[in-house]
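Before anything else, here is the set of structures, which you'll find just below.
Two complexes are shown next, each including chain A; its partner changes from chain B in the first to chain C in the second.
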Partner chain A sequence: MSAGSGSDRSRRDTLRDHYESAVDKVTPHLVRFATTSPYERLLISVAALALSVVVGGLIVFGSGMVATCQEPFTFHLVLFGNELWTWPTTSCYDPWAVYSSLLSGATGNLSANIYNYELALTLKESTLLIFTGLSVAVAFKAGMFNIGTQGQLVLGALASAIVVVTLAKVVPGGLVGTFVLIPLAVLTGAVVGGVWGAIPGALKAYAEANEVITTIMLNFVAAKLAFFLTSSYFQPENTQSVETAEIPSYATLNPWLFPQGSKFAIVAFLFGLVLVAAIWYVLTRTSYGYDLRTSGIQPRAAEYSGVNADRTMVSSMALSGALGGIGGTIWVLMVMGRFQVGVPAFGFDGITVSILAGNNPIGAIFAALLFGGLKAGSLAVQFETGVPKQLVGVLRGLIILFVAMPEFFRMVGRRVVDPRELGGDHDE
Partner chain B sequence: MSNTRSIRSALNRKTLRRGLAAVAGLAALVTIVAGLIFPGSFAGTLLGIATKQGTIEHALRLCVPIVFAALGGIYAEKSGVINIGLEGLLIISAFTGVLVTSELGPQSTVGPVPSIWVGFLAGILASTLLALLFAVVCIEFRADQIIAGLAVWLIALGLAPFAATVVYGSVNSASVGTFGDWTVPVLADLPYVGPILFSAAPTVFMMLVAVPLAWYSLKYTRFGRYVRASGENPKALDTVGVNVHKVRYAAVTLSGILSGIGGVGLSLGQAGIFIGSGQTMVNGKGFIAIVAYLFGNYNPIGAFGAGLLFAGLDAIQLRLQQVPGYAVPDQLIQMIPYVTVIVVLALVGKTRVPDAAGEHYESGEER
Partner chain C sequence: MTYAVQLDGITKRFPGVLANDDVDLEVERGTVHALLGENGAGKTTLMNALYGLYDPDEGAIHVDGDTVDFESPRDAIDAGIGMIHQHFMLVDPMTVAENVVLGHEPTKWFGLSTDDDATTREVRELSDRYGFDVDPDAAVEDVSVGVQQRVEILKALYRGADTLILDEPTAVLTPQEVEDLFGVFEELTAQGKTIIFITHKLGEAMHAADQITVLRDGENVGSVDANETTREELAELMVGREVLLEVDKSPVEPGELVLEVENVSADDARGIQAVSGVSFDVREGEVFGIAGVDGNGQLELVEAITGLRDARTGTVTYQGDDVTHESRRDRIHRGMAYVPEDRQERGLVMDFDLVENAILGSQHQAPFADGGRIHWDASRDHAEELIAEYDVRPGDPNADSRALSGGNQQKFIVGREFERDPDLVVATHPTRGVDVGSTEFIHDRLLSLRAQGKAVLLVSSKLDEVQQLSDRLGVMYEGDLVDVVDPDAVTEEELGLLMAGENPDTADPAPTVDTNSGGDDE
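Right after this comes the complex of A and B.
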């Protein structure tokens, strides 16, 4: 989080000013957010998740009072086979039923068939969220808040679809096509997403434009740009919706073991895991990763120890954008088989995944699995209980809110653990 | 030493902003002159559109949510709480206003009050409650303000379409109509300015009142001084016996009230419906508001000018789409306001942010 350009002198000036600016006053918070112990972070994430589930349940119950249905549900409290309490509610939605259908909708019947359709849906969502979650996490590690993963994903997806559709005309089909086109698509997605991500990085580094705002604005621009390009240049004449031509089947990622209709390819999931490992390695075992993390935690220290803060800002945002772009490629190759406007909000969900994972790449796998389950299960929830699938959007917001307030859980924790410490030292 | 540097840098910023304004003014002047000389040219068309009474009326209406959210953002940030969740406050109030109006029946009344005005108040209440939640999370639980603000946005972005689906069966609401225009007799008959300034949606009048009020309250009232001190030097404020937390609560609550008026002004003042697909009908206006007040350097009047500029661009692009002969695709023209926001932010860059903004303040007594 630093700035400055040009000569050394003016650079020092802006640098100093910059540390006096309030934008950096946020840094201590981010630092605390980033430097709590992994154990504590895990506890906070789990607690935040649990609290979101409870509050989400209350919201479901409350909205069930507004919704219309044939008959409201009745609450039965059963203990050891004895019905202790019966409460005929006025709500159409039974939170318990919602969550049990969410769970069964997310995992399917595992004992009957481990490669079932429901689990495949969960893993499909999780695969995409690994990329976007990782994208947000990398930027966060460098002290940048990349809200623009969505836009980077959209343009990465469009670019790879165009490349595959165009080159399919000249590249031979079959296995050769697969091995040429798929890596090329991934590369395209990475480059385009990376360039789109580097823009807010450069704007922050050289013009001090706050990346939160610029990335959000660039999301809007990306969506409109993708719509314009697709509808003006790449739309086949016979289609109704704004989309590119279909990519040839040999360039798609197809399900293996899991049902064909599920659109979940294990190879994409494994690729996600490989990227996680690679990012983890880069962040923890290379000097670049060290510089990147230092810039995120202690920008001034990084600057004084010779890290080029501007370049780190741009490159980390490019890396983050590349990961988002690859997410877009996978969405095209695995799920859609083409590019289509109205891309689901994988980028925003990636923020939740990253924050839930404490911006830890490996944690992102678990957060992605969890949130993927939530998204896949919500379809079953809508089908079985009538509660709109938009519930996931509510839970997404709640999770971020609760993870953002670790102090709340610390207070609760202190109250539970040792009442005498109440009102004592707040800082650990 | 560092002080002189800050001052110099601030001067540079000021020069830059002035330069920017000068360039914009020059470009406008060139367009006007070219338009007057060659009425058939693009500049002529542009001038015709920009000065059309309808365009200016439209721009005033479009800037209501941006300006109100910006006013709210100014209070919050001046007091030391960066409220990046303005977008969420706009969404929740836009939706709640429509919801309550439609549940009461758009044509019915509650006592002597038409239901749409009950909806108006309900929307403001919803936004205020969400802002209070944000305040509690930031002030009591010392949450990171940026993440908490983001959560406010995402909660509203999830909650409004969810609730709309529960009630209406779709992410969009039923149509409930708008406030209609208020007309000042006699003055409204003035040529050109009459219809623009004296016959408009009620929320436009409210905005025209709120902007100077906000400016006055921040600059000349005791509350305004407290707000500024709470953002610049909370310790000093604490020392003279003013509760910093209370000031911040008040400022953030105020940002909820103001954003609430903006949100309802969007749904009940303009559209008469809530649209919940994609980024909802708010569509980034809360974030544009942040840039508007940064561009206006935390001055309510400056923020109003910036908001009017962004909304004016939007109004012009909407008209431009209807002009035959300019085959610029809609989607490209629609980018203009967003790209402008990025360019403005890049050129203005860092503004003189209140010193303690984003910082949690812990009063000594609590320890």
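Right after this comes the complex of A and C.
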């Protein structure tokens, strides 16, 4: 029996041929992506970063041609001190200048002073993103999509602030206060964030409620709850904005080495690294981590191996929430010195960080540094080059998109491609 | 003479593996040709080359005498070759007819709409022509696996296939469906179609094929006429040495009671009662077999025993203790080993390597863990032992388990569970998908566990397997344990009737259901 009869049929066949040959062509590439080694993945990330700069540069240059300015920039090709070529362009924005101020805005002048203000800004952002990125990654590893890190962070922040402000009245100040109140604040943030994270975990385990929905909803609940509690009970009378009283300075995380005004405490960054190492250890070296990872990638095999799926859901979400809550504590102790409503979206950025890192805890450090650097650098680009901030946002988005795409295709590849092709298996 | 398909010196290399080594294959038009070989012999690779999925490194392919060079399956389909993979590619909510014409839908109104009436009509005609008993309007998700397979065959025929390649077509079928499938083969060849089917089951090859080509380690080690060969000859060709097809079972005196199942009922995943009040017991040094057509409650019963499913009523007693409501983990720690039916969902974590999979189930137990920490060195040693002992290939402990073929995955799981030092082994289809040589080995191991005084609960749909290995044999039908028989005294015919829900003492024995016709020979 032949399928091709009639002209409309053959036109369909042509379309289908295009489609199927496209599928045939794509599949080997997906297989390739799905089977990349960690070293190759690192190379791909670096190449993607470079490519995003090239593409972004073209966009900047093109936008500069339609923008109005007093004087388009002139391109100088300089090699070993000799000017080889000069090209007066028609574009207002010099891509080279944009990217160099993005870089210098993120790192500052490292050769002049390693402990400079710009780097401190980057590290401040990165520190907070390490906690939230790690929070999202842990939930991911257990097979759950925790969109609720933001809410866990908000309540963790509020609780830490309240505990410190309240106890500061009874605990002696100075060094004793530092060593009592800061650990206590971290513990409070972890417990409150953990409980707030455990709620959607329990709802999923015992009421089969989708955690994506419940965590999103709990974000709103957390924000409103924080507003209500702060404005009703914890707001000093002489302030206008909705915020708690200030934390005594001996209980805050103060910049050390870095400029005082940067609000970056290297202790917090190191604490983040320690937590990353601890989470990595738990995931890869402990029985609990084995249970958690197994539940994440193959729940039915986890059940077979004796894992209690319900308990793992609750405990992994609690762990994830605790990390988010600690992020809130750090924000209060290091950045704000008090709790104030309108917490920046560290929790949501944590989702991007985690995906960028392939949900790998150690990768989260690098993803957080990249993300933090881009945030700090973007400010410099706006100030120094006059490129509008929307365009800077495009450049930032491009970098994240380019770096995340290979990881995305890798995940697609693993889902779509016949598992047997991955192993180069040749029978059965 | 012109062959429907002629392969000439096909060689295909993968990194580190010579999958096909200078393979010749000649398939006559209008015949059924079986491609027989162990797991990893290169059967599927060869057929993928014929179907345009792989480009062979050397050799030529001739179809109906013409030399062809397929770049993709599209070219192969255009040349009249269709392939039905082990895993069906059907859209479940759509009807049979819609699936058959998918991508080639008849249209009306100048191509603006699909012509549903013509679709149904064409598919019904096609189905009738080959004597397929298929309802074109039924949704694919509502029909049995056997019918789904026929839909796949119809799909290939609708696209104009003259030569059909089927990859392990019987792996997913019940014995009755296997028989139906072979009937379909006859109908198709009678009308001039050519069939190539891949199998590792000798009995099936001899039963259904006209010619048999045996592959071993990627080489063609012989093509024979099905009528002129013996099982022993084929087994020797496949394995490369003489194989004992009969199990050598020495008597063991049963000891203490290990497992007592009393009046256990359980529901299936949809909440429908699947097991109704089953009772039996297993002693030390005894193999208790459960025979039955798949889906008669065996899975649910076994899961209730191993702790993966709640028993709705009844008790499960293990070594004198009531474990009915104990967790799965506690039962593992008590020494219950379980070879699950679904190896890729339950038995292995596909994205874990073999080192990680070697401790699946023991991740909280010495010597692999203590106080919450995992000892990866011990796990690696264990994985390497399992690989060596159970001949798992490729023998790389760092390979992801998804990289292994199904038979090798099964060998790894069986090894892990048998080496757990269990007191009770629950083995469901322990040799499913495993080749003849490894089947022999797994059977040996099972019997040596029995000789060591372990209790074994063996569930299998292979009649000869349960019959040869069991000391007592229960038969399940629609959730009931309908009878417990002496496997040495019962005939296959009687077993077949019991499995079909009839009582052999009262039923008319003439129209028997030949339940073992699948020729499961391992």
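Some points to look at:
Keep this in mind: the second predicted complex is superposed on the first by the 285 of 428 C-alpha atoms of A that agree within 3 Å, B and C clash if a C-alpha of one lies under 4 Å from a C-alpha of the other, contacts with A are read in each partner's own complex, and residues count from 1 in each chain.
As a working rule, a residue touches a chain if its C-beta (ideal position, glycine included) is under 8 Å from a C-beta of that chain, and two chains touch if they have at least 3 such contacts.
It should be emphasised that the depicted structure is a prediction, and the values quoted were computed from it without experimental measurement.
After overlaying the two complexes on the shared chain, residue contacts for A:46 are found with neither chain B nor chain C.
In the superposition on chain A, the chain among chain B and chain C reaching more residues of chain A is B. By the touch criterion defined above, A:297 lies against chain C but remains apart from chain B after alignment on the C-alpha atoms of chain A. When both complexes are overlaid on chain A, the residue A:218 reaches chain B alone and has no touch with chain C. When the two structures are aligned on the shared chain, A:287 is found in touch with chain C, with no touch to chain B.
Looking at the shared chain after the overlay, A:307 reaches chain C, while chain B stays out of its contact range. On chain A, the surface touched by chain B in one complex and the surface touched by chain C in the other have residues 3, 13, 16-17, 20-21, 423, 425-426 in common.
Of all residues in chain C, only 12, 14-15, 17, 19, 37, 39-45, 72-74, 86, 103-107, 110-111, 126, 157-160, 168, 307-308, 327-333, 338, 340, 342, 345-352, 356, 359-361, 363-364, 369, 372-374, 376, 399-400, 402-407, 433 touch chain A in the complex they form. Partner chain A is touched in their complex by these residues of chain B: 2, 5-6, 8-9, 82, 84, 137, 140-148, 150-159, 161-163, 165-167, 171, 278-279, 283-284, 287, 290-291, 329, 331-332, 334-335, 338-339, 341-342, 345-347, 349-350, 353-360, 362, 366-367. Touching chain C in their complex are the following residues of chain A: 1-3, 8-9, 11-13, 16-17, 20-21, 24, 285-291, 294, 297-298, 300-308, 414, 419-420, 422-428.
Taken in their complex, chain A has these residues touching chain B: 3, 13-14, 16-18, 20-23, 25-26, 28-30, 33, 59, 63, 66-67, 145, 147, 203, 207-210, 212-214, 216-218, 220-221, 224-225, 227-228, 231-232, 342, 348, 351-352, 355, 387-388, 390-398, 400-401, 403-408, 411, 423, 425-426.
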